[in-house]
């Protein structure tokens, strides 16, 4: 019987840990990871599924701090050269390229991440794995919008005067919407004039322009807007919560982008950071996240597409390849100027 | 009698009373709305609620991030108040006694965070700290808060020092007391209410600060108002209402206590 | 006062810690902002120039945002004055017991979190909020009005949020005015309105100016209210600074915007101070 | 109260400037042990500056303060053992009467028992034993002053300074307190300097009075001498009421001067350094002149008659328009001295208070 005592110790220890989680952070900074996440659905799903999985696996705790991708880059830039303000970044494609260019994130060492090899090759990034694919379409309130929309053009219908919502370019959602409009109007990433011209004609219909897609979701919830651009995951989460909302893909092709996770340069806890990212790649985690209300599109070969993901987004990984993608390098070059022009066009 | 009816006086009083009434309603309206909303039994925030319950208050008990943010905000506010009081009171002692234009200049400098855009200062401080190689932390956050909160302590302390009869201090000295003894036994007790009032305002203003925290907080130290802002803006989470309810109740209790013990409303004018 | 003369050197030492603190953490950052605003490029590679200022002034949008912000302050401050003055006036004419209740009501908003207050307004002003429900129910409008995400909404909320900053100085100055002056005026045959505009209002000018300075600066810099109630379609200077600094990481431009904004606000405050000095000189000099 | 032998206080060549303003100019003052000296003058004369210099709140630009012959100029105020009672008493509002009185001893770190005993003794002396637990705001003005005095005496000061001690009291109480303080001071023999702008107070309470004007010591003398023989025109006008009548030196000897006023010449027993024919000012107190219907003296017109108690005040005009006040017993006044009637003013040459250079002579007077 050499082990019972240590077993009891372990039990007592984990009980103590559970009690201590109520204590203020920083007390156990020694084995605490700080990871950035996005607001809204992402914060919720990672808190619910990823954090406990990671804690169980690594024995460490994690602070998940919701920040826009751009805010993450700003904080990392501010702290450049010193210790990083957080260890794991979570970014969309455009900001990820920017962060790589600015030397804010480290190359991803696949050897430290057993689940990395299990991803589809298209998701195995040099600087970090893609953890999902985000797709956008139109969300609407079925109580007030009787004919389901099918294309972006529906947003321009006169009956939706003062009822449409979009987001600003601070979020990838708004950016992707604008890029797609541009594409349909015959523009390219180098020339956004067609998009802004088209945007101008949408103004009478706009009820609100949210700063990010989280705020956008809240507007649906408060019935401030009846129809608008929305992210698939967010719309489905709201629907699952009982908000009257329906998501449809547009007929002209679904704009989509990869969302990636990175270990930042100068991370205080690089090993824990790898463990955290790897946890996000674990089949168990991805399978759990694919379930409603989250509907996170998996990137692991070991998780087959199911449920709403399968019915609305993709039945096979090849379906994902048929979506609409943009040249984010060019987007990054133009973003500052577009933001200014966007500000100008949408001003009341 | 009718001929001399004072139409002018009547209309004046009527207009002023009506405007005052509107102002009072507008001032307290939002507080009442939030208090009612915080007791909603519904899933979403709609006013007026169709039924009431304590469910969102109960939900606060499990809201760990909210509690953490609350604790961090309290911690930062406490550090801010202590530092603001120590720095502000000692500076006020000099400023109140000096007539030199240099001191007037310093006073203006110390008061200027009140009128300068706090967001611009937050941004400036972020650049400064990153230049110095400080990592955003409770420490940098507190420093930012102290800068914007010192003016409150300084203002109320100066106001109470202005009411302090300098003869009392001279008298104490002439009775053989040292400067320190005089400060401890005479000055401090007599300006205590002003200092406490300033400290209270500084506490509330630190607890409520967004523009400076936005730049200086790090991922670990998310403060309550920003967390609330986040859940209000991103999710219109109904716990936001109950959290606001708790803040309002706590504020009112603190205010009543401060009024009783320090008569702080005098220092607000 | 007298002791100061003999203890001059010691007295200075007491102000030293705060002076040092402000030099390091307030003046230095502001100087840094000014310095960075002269960086020629976004990457801050060292070249100096007025590029950022030229970029700001060269785009009419930026100038419009600046004037919009400054005008927003004017509108909200005026509303604060129009509605706050009668309340301050009422305060000086009610019993002590009512006075303490009133002062409590006035101060409550200052000490309750601005996020909390703004949140309440979202609920009140929303498309299906209290105000719109009332308007539609009364048949004043068939469609709910756009109060949220409109400048009118921002002005209304700023007025409520910053009202105490106007009312408190007004109360102070109104309490100091000798009530006999108003009595003398009416004894001389002036009616209530005339007495108000000829006697009370001019004498309360110092309070009006003090309140205006506090309210105005608070309104133009109210980032939380502006962005929560205004949304993204109404762009004001604080949001612009935030956007440039955080969304686009264009620090030199954000710095230039900050400098321009701070100078504008300081100029307006200086103007108001000069105005009050001039008045005081005429009244009491 | 045990310190029966007072200490000597001296000011030597004290000069004090605030920027360009001279608040005190070469003041020399010798105060004997146990003496009560008043510093008298209008506001701005420098009396408060001198008090602050003695107490140590101000360091003089030049000169020294000496106690018992030793300079204390460089000793900080809290080491001087000079007690001061402030104009508004400066009682610490947040402390009880007993705590106020014991403050100085507590600051010096004396044992509790000793403090309690001294507090009791001092409160007994000022007859305030029953009020030890009260707060200052619960006391009347006179009671506050007693406490302030007791607090000051508790540290057994070498010198006692009183800054306008009676100005906050109403008239009746003021007299009582003056008597009381004089009694306490006599009894204790403590050297006392009192600052006041009230000449009656100075005259009634002081052993000697130092009259100050614009930082200059005009005269230091016993009260009666200050009143009867003012050395300067300033002292003459500041202390008591004086009628100033313009005249011309008509004749002079070493000890006497004849002054012509109008057609009359008044022979005085005061000398003058002015030459015959020079304009001069003759000062005479209202009670030193007499009004009569009978011819003789200067013709005057009575403008107003005011009875005050046992006396009668007349406001009369000389022929050249100079106003003169006359005070005389009602019993001694003729009933026909009525307003708007003519009369004669009789000046007794032996009772005039002074002859001064006329700083601003009327041409032809």
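Going by the order they are written in, the chains are A, B, C and D; count residues from 1 in each one.
Everything that follows uses one rule, which is that a contact is a pair of C-beta atoms (placed from the backbone, for glycine too) under 8 Å apart; a residue touches a chain by one contact, two chains touch by 3 or more.
Just so you know, these numbers come straight off a predicted model, no measurement behind them.
Taking the mean of C-alpha positions as each chain's centre, the chain lying farthest from the centre of chain B is D. Two chain pairs, A-B and B-D, are weighed by contacting C-beta pairs, with A-B ahead. A separation of 37 Å divides the Cα centre of chain A from that of chain C.
If each chain is reduced to the centroid of its CA atoms, chain B and chain D end up 54 Å from each other. Chain centres here are Cα means. That of chain B falls 16 Å from that of chain C. Residue positions of chain D with contacts to 2 or more other chains are 56-57, 76-77. Counting partner chains per residue, chain B shows two or more touched chains at residues 45, 126-127, 170, 173, 232-233.
Residue positions 2-3, 122, 128, 245 of chain C are each in touch with at least two other chains. Those residues of chain B whose C-beta lies close enough to touch chain D in the complex are 165, 167-168, 170-178, 181, 185-186, 189-190. Of all residues in chain D, only 55-57, 76-84, 86-88, 90, 92-94, 103-104, 107-108, 151-152, 155 touch chain B in the complex they form. Per the touch definition, chain C reaches chain A in the complex via residues 42, 59, 61, 64-65, 122, 126-128, 143, 146, 148-151, 227, 231-235, 243, 245-250.
By the touch criterion stated above, chain C contacts chain B in their complex at residues 1-4, 7, 10-12, 14-15, 17-19, 21-22, 25-30, 32-33, 36, 82-87, 89-90, 100, 102-117, 119-124, 128-130, 159-160, 163-164, 167-169, 171-172, 191-194, 196, 213-214, 217, 220-221, 223-224, 228, 237-238, 241-242, 245, 251, 254-255, 258, 261-262, 265-266, 269. For chain B in complex with chain A, the residues that touch the partner chain are 43-45, 64, 67-68, 71-72, 75, 126-127, 129-130, 133-136, 138, 218-220, 222, 230, 232-236.
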